[in-house]
Amino acid sequence: MTTVLKTESLRKQFGELTAVDDVSIEIDDGDITSIIGPNGAGKTTFYNLLTGVLQPTAGSIWLRSGDGATDDGGGLREITDAEPHEVAQAGLSRSYQITNIFEGLTVRENVRVARISHERTRLDFRSRATGDEAIEADIEELLELTGLTDIADTPCDTLSHGEKRTVEIALALAIEPDVFLMDEPTAGMNPTEVTEIVSLIRELDADLDATFVVTEHNMDVVTDISDRIVVLAEGSILADGTPDDVLTDERVTEAYLGSDSV
Amino acid sequence: MSLSSLVPLIGVSDVVVGLSLGSRLFLIAVGLSLIFGVLGVLNFAHGGLYMLGAYVTLAVVTGVIDNFWIAALAGALAVGVVGAAIEFAAIRPLYDRIDADLDQLIVTFGFVLIIHETVRFVWGSGSYSVDPPALFDFSVSLGGSTFGAYRLVVIGLAVAVLAGLWLFITRTYFGSLVRGTSSDREMASMLGVDVPRLYTAVFFLGSVLAGLGGALSAPLQSTSPALGDQVIIDAFIVVVIGGLGSMTGAFVGAMLIGMMQSLGPQFISAGSIAIPFLAMVIVLLFRPEGLFGGIGE
Amino acid sequence: MSSENRSSVGRRRFLQAAGAGTAVALAGCSGGGGDDVVRLGATYILSGFASLYGEAAERGLEMAQSEINDNGGIDGRDVEVIVRDTEASADTAIQQMRSLVEEDNVDGLFGLDSSGVAQAVAPQAAELGIPYMITHAATPFVTSPEGEHENSVGNDYVFRDANNLAQDMYGAAQTAAELDATEWATIGPDYAFGYETWDYFQDFCAGLGVDAEFTAEQFPPLTTGDYTPYISSILDAEPDAVITPLWGADLTTFVGQAEDAGWFDQIDHTLFSVGMGTDLASDGSPLPEGEYASTRYDPFVPDTEANNSFRETYYEEHETLPTYNAEGAYRALYLYKEAIESAGGTDPDAIVDEFTGMEHSGPVGDYRFSEKNQATVPAIWGTVTYDDEWESNVLDPVNVYDANPDEMADALADSDLPTGV
Amino acid sequence: MSATDTGGRVRKFGSAVADGWTRERFGLLGALGLVLLAFGPSFQIYLFTDFLVVALFALGFNLLYGYTGLLSFGHGLFYAGGAYGLAIVLRDLGPVFADVVGSGVAPLVTFVVGGLVGLALVVAVAVPVGWLSVRLEEIYFALITLAFGMIGYSLIIQDPAGLTNGTDGIIVLLGSVDVGGESFRIGARQTYYALTVVVVLAAIYGVWRVVNSPFGTVCKAIRESPDRAAALGIDVRHHRWMTFIISAAIVGIAGVLRAGLASVASPGLTHWSTSAVAVIATVIGGATYFSGPIVGAFIFLYIRWGISRFPTLDAYWELFFGALLIGVVLYFKAGAVGGLLLLRDRLFGEGRAGGDDGPTQGGGGAAEPGSSGDRADDRGDDS
Amino acid sequence: MTILTVDDIDTYYGNSHVLHGISLEVDEGEVVTLLGRNGAGKTTTMRSIVGASPPRSGSITYRGEEIAGKSPDEINGLGISLVPEDRRVFPTLTVHENLRLAHNLASDPRPVAEMYELFPALDPLRKNDGQNLSGGEQQMVSVARALVQSPDVLLLDEPTEGLAPVIVDDLREIVQTVVDENVTVLLTEQNVDFAFDLAERGYIMDTGQIVFDGTVEEIRARDDLLETYLSVGSADA
């Protein structure tokens, strides 16, 4: 197993509040790692640090470099102060807890934007957006993979919530990330949609050579998909290990159920 | 040119004029800033409301009662009512939109045109002058220069408005409603604040201040329909420099710009009117929250 | 308590407008020409800081229009005038002018208040092939043939029935010569007219041997709200006298603020070059008594039947003395009447031919158009005095300087500025 | 993709240059109309030329507003930049060119050089101004562009460099070309109309290509969600900057044409109230449609002209546009083009799934024009 | 008698379907708890009741009156006050201003002074700005701000979250005092001990639905429920 994403003593302070406190974590290639924790545990802040939306107060973030240019011995490159788009270009992609897609565009156009970005043709002013056959073929493939082919030409603002969540994932996948962060992929879904998305994630994990980091409230989903679970509480890592180990950990149960004895 | 060689050139009247220009700007800007701070609306029509205040004052003074102070009060209140009506009819429906702030800017720009044309229709295109209240209609000589006594009155009134408004916002119950709602609209609403009504009230208050500014400034300038278009841009500069939403900022920003306008012509012959805009750009780039921040600051 | 400069012609404009609308429809069908009216287009500032000039001009042209139409029209045809707003902008003025010529098929144009606008408009008159009688804008460059000076835009189609800036400054320099003042300053609007006034004044002073030094100048932008900073700056220079071409609402604002700043106590003489265009129209009296002002037409000089009856009729209707704007516009209609009647039709080139070198007489007196299409009217300067009978400021005493083109040219011999006469 | 035949009607210009059978037909009809107009009444040619110029101005403005969501209140700066570039070259270099290339073709050479200088000037200004401005968003972007526009305005009217002739502006006389005994005036009504048609159509085609290029697609995505775009590896600020420059250049071309048409480069062009014309036209036409600013400019100029036939109304013409602007923003945010498309859907029953509410009644009170399908800007040439 | 009835509501955030047909009832004077993990829909249920996230379908009646669709301030005016999960103390208002604001908006409030007796720790902080308070202090202000309105129904959303155990004990006592005054309380908690101490009945929520309802004793007796829906324990275990 090689490490593809690593944080070292990552800390984020908002005024007096320490949202993420000294988090060091190494994510292994090909794993599905779930990050869970009660509300306010710092999961979203952690994501925002990883993706460059927030700058850490202290600590560093490292990502496996696709182009071989590294500045440490382990094939990793530091992305601590990178801007969001630089992080994405470096190979870290995310989906959002609150659906964040290009609502006014069709499903196909959404994916096209991502492919254009990935293929670095985004500053091409002159050719047709639809003119690159390789990109169009990739789009078809991605739509196929995520099961969106039938609704490819529907404007996203008319999709159901579940369909939008799927587009969200398709977008994140389209830039062929090394590491794929999913922030509550099942948020706001009905049970049928949840089932569908879980099987999609499983299929993707099987088909793609990507690493997944998932936050999730739905424990069914977590236990279903995870190779490894990391529990955050009050900004720090409370537990880290296989699902079996973590879910039987007493401290974890207490953190969730709450207890005067904590 | 060194600073020491400049200083003797600045006379007492330059300072008084600068402060009175600043006071005028403050009276325009403070309502604009208040409305932005609480409602998040950048009211392009604020200059129009200011102009309307001057016209109503003029109309009252010439047609109803020959008392400047009563007329100014009437002007301020009438403009407040107009402002509240604008908020109620055209701005309120936009609060929940996704890109509300630009829509609101465009709608208030529509009112710039409507107020301007309505004023022209009623009062014509000509310009009017209003005499200062008789009590202050004389010139003061100080340090070798002469200026109208009313300028001092305006400076005093601006300080009084700042103080009054500051006390109102920080010391009264209504003020705490305004501050609370501006920081967390939904929580205020869940505690029982009728937020739309409060917004209308704040817009009314901001408009009253615009009207009052127009009324009090009327004796210092000629009143014409173009007045609103000129002052709104100055007001934008002031609130950006002072910090959108900050009353103290509006005051300091206004005084800075006032002094620039007063001294500019003496030191820079060409390009002087670009300087306030340059200041605005610099503040926007390096300190977009302005030199002061926050409502009630 | 307050002074007011307001038009009362709105309603009449509306009636006229309704007429214009129908006329257009007809003209559209018939392709223009062959109408039973003579249609003229006028472009003045009807909105904004200088709208009072346009409004005064409207009074004058309406008076001439009704006189002419009541007396058999022009060769039996009624005269109709379509008035448009230039908004003091060259862009708008040119658009209005094209619309008047191409949409409304007017037979001739007149008007223009702003010098800057006039300079942009002049070449358009030639391009559209339509005579343009300027009645107010004073820049000499529109009656200075193209090529004479780098700014010259004069051409065959552009005429001016009022005196120009050079004529006016010729009078100003003569006035200066009689005053006990050596240090001079100016405060003028920040555009060509402001600068040209100062340039001509200095050059005429030099050319006429006036003992004068020019020590300070301020050019605030148009529609400045508060002139006080500029006023302080001039006062700091302590000149003996100041000449100011401020006009429109700017002048009103300036005078009020200058009084507050003690201007008229500290400066011996102030010469208002556009003062009487504003002063008489308002019911207040913005110009302080005892200062100097020029006019391009004086309601009491010359003391002729034409002038006296014009003044009386105008006063009866509007309860105010006629300004030079009113007189210039009034006379423009008579100029067109005379040209069309003697040309026997409304062919633009024929009208232009008639205007060229025409000798004419009106309230302003007898004059002719010079070879540069400029009316040879005298410069008039006088002392501002309040007249109880007319309840208005008038010029008294008034000095008439016969602005002889040759003498003016001599005075400017060392200058590169053209006389435009 | 849904049929574009009927939608093409409101996209006359986009269609006129596009492939496809029906588009070709509409293109031909449009071209015929444009040619026929050249023989119309002189003033109508002038008015239509004016419309084309304002349409290009608004289209350039909307490249930034409609496609990246940045509302500029300072595009008058670039409108004026083009105009002054041309005017200064005509004034100062016209005689020089006459000496170099001979007086016969000099006016044409001067005009072309002037136009290019105007364009270069605009780009030279837009590069730094844009770089600084795109650091800000929303209301702050509107304010900083307003400030930049007014800095330009101040410098033009105070003219510290002695170039702009202050408040009076610069007279623009295009002159006549004499070649082999034939002589024609560049500024003559038909000539200038033809020239404007060619330049504006070419510019519109260029914009259309940009909008439908990979770059344009990315811009649309940025408009919809900047942070999402960044998370896909798109440098949002850089894209906005590039768009700003292209937008300014298009507006600069419009400014060059404006100066020749108006025969004057006046400082009013820089003033924020001129920038507002682009805002008005775009909002009225519909900012999320490619053709929105063009239709908006048409409505703006022809209503304006209609009003001008009635001087009493004319005196208060801005009142109508104020009311129209408020009405459109409040009740019909998709603008005129959105309205036409909705009408078409109603008439021909070409609604599509989920479009039953129409574009103005999005859920939660958020009336997003983008919620309608059939958005001209979003369609490439695939169909 | 029933004071608050939620009947088959569906609530969305935009397109996101968060509540799927939630129904519950609360009797006057009763303490009812809503249990469930993060994201189960507890907060959204609270927000639906107070009008901050109105349901798209279904009805909510308070004392027999339909309140779904009323604005938050109207609902508050009927006697329902919420202590939100994230406290939401007005940051630029002092403690006293926070309380006075709520006090003045209520039709029949308790005296503000009473709140300082109930929360003695707040007394010395009267003039401190909301933004300068610790998390526990903010929670006290938030609860006091609701109590000062003397509501008939008090909604407490995760009141113990992030509080030190000592403060949790204080809070329990205070809520108990209020309950003794016959105020109806609807309480969401992840801290089940706290909830069980106070509540008589409870609903368990998961993924936007009610999966169980019963008395506290019934819930307590069902370890499987606790495992499945409240802890992180394996669902399919």
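In this document, chain identifiers A, B, C, D and E correspond to the written order of the chains, with residue numbering beginning at 1 in each.
Operating definition for what follows: a contact is a pair of C-beta atoms (placed from the backbone, for glycine too) under 8 Å apart; a residue touches a chain by one contact, two chains touch by 3 or more.
These numbers were taken from a predicted model, which means no experiment stands behind them.
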item: Common touching chains of chain C and chain A; value: D
item: Chain whose Cα centroid lies at the greatest distance from that of chain D; value: E
item: Relative to chain C, chain with the most remote C-alpha centre; value: E
item: C-D or B-D - the one linked by more C-beta pairs in contact; value: B-D
item: Chain D and chain E, separation of their C-alpha mean positions in angstrom; value: 55
item: Chain B and chain C, separation of their C-alpha mean positions in angstrom; value: 37
item: Between chain B and chain E, centroid-to-centroid distance (C-alpha), Å; value: 44
item: Separation of mean Cα positions, chain E and chain A [Å, integer]; value: 32
item: Residue list for chain C, restricted to those that touch at least two other chains; value: 10, 46-47, 221
item: Residue list for chain B, restricted to those that touch at least two other chains; value: 120, 273
item: Shared-contact residues (touching 2 or more other chains) in chain D; value: 157-158, 315, 364, 368
item: Chain B-touching residues of chain E, taken from the complex the two chains share; value: 50-52, 71-73, 76-77, 81-82, 84, 88, 90-93, 97-98, 100-102, 104-106, 145, 149
item: In the complex, chain D residues that touch chain A; value: 1, 209-210, 212-218, 220-221, 223-225, 227-236, 239, 242, 246, 288, 353-355, 362, 368, 370-371, 373, 375, 378, 380-382
item: Touching residues on chain D, where the partner in the complex is chain B; value: 69, 71, 132, 135-136, 138-140, 142-144, 146-148, 150-151, 154-155, 157-160, 272-273, 276, 279, 283, 315-316, 318-319, 321-326, 329-330, 333, 364-368
item: In the complex, chain A residues that touch chain D; value: 51, 53, 83-86, 88-89, 93-94, 96, 100-106, 109-110, 112-114, 116-118, 121-130, 132, 153-155, 157-158, 171-172, 174-175
item: Residue ranges of chain B in contact with chain D within the complex; value: 42, 90, 93-94, 96-99, 101-103, 105-107, 109-114, 116-118, 120-121, 229, 233, 236-237, 240, 270-274, 277-278, 280-281, 284-285, 288
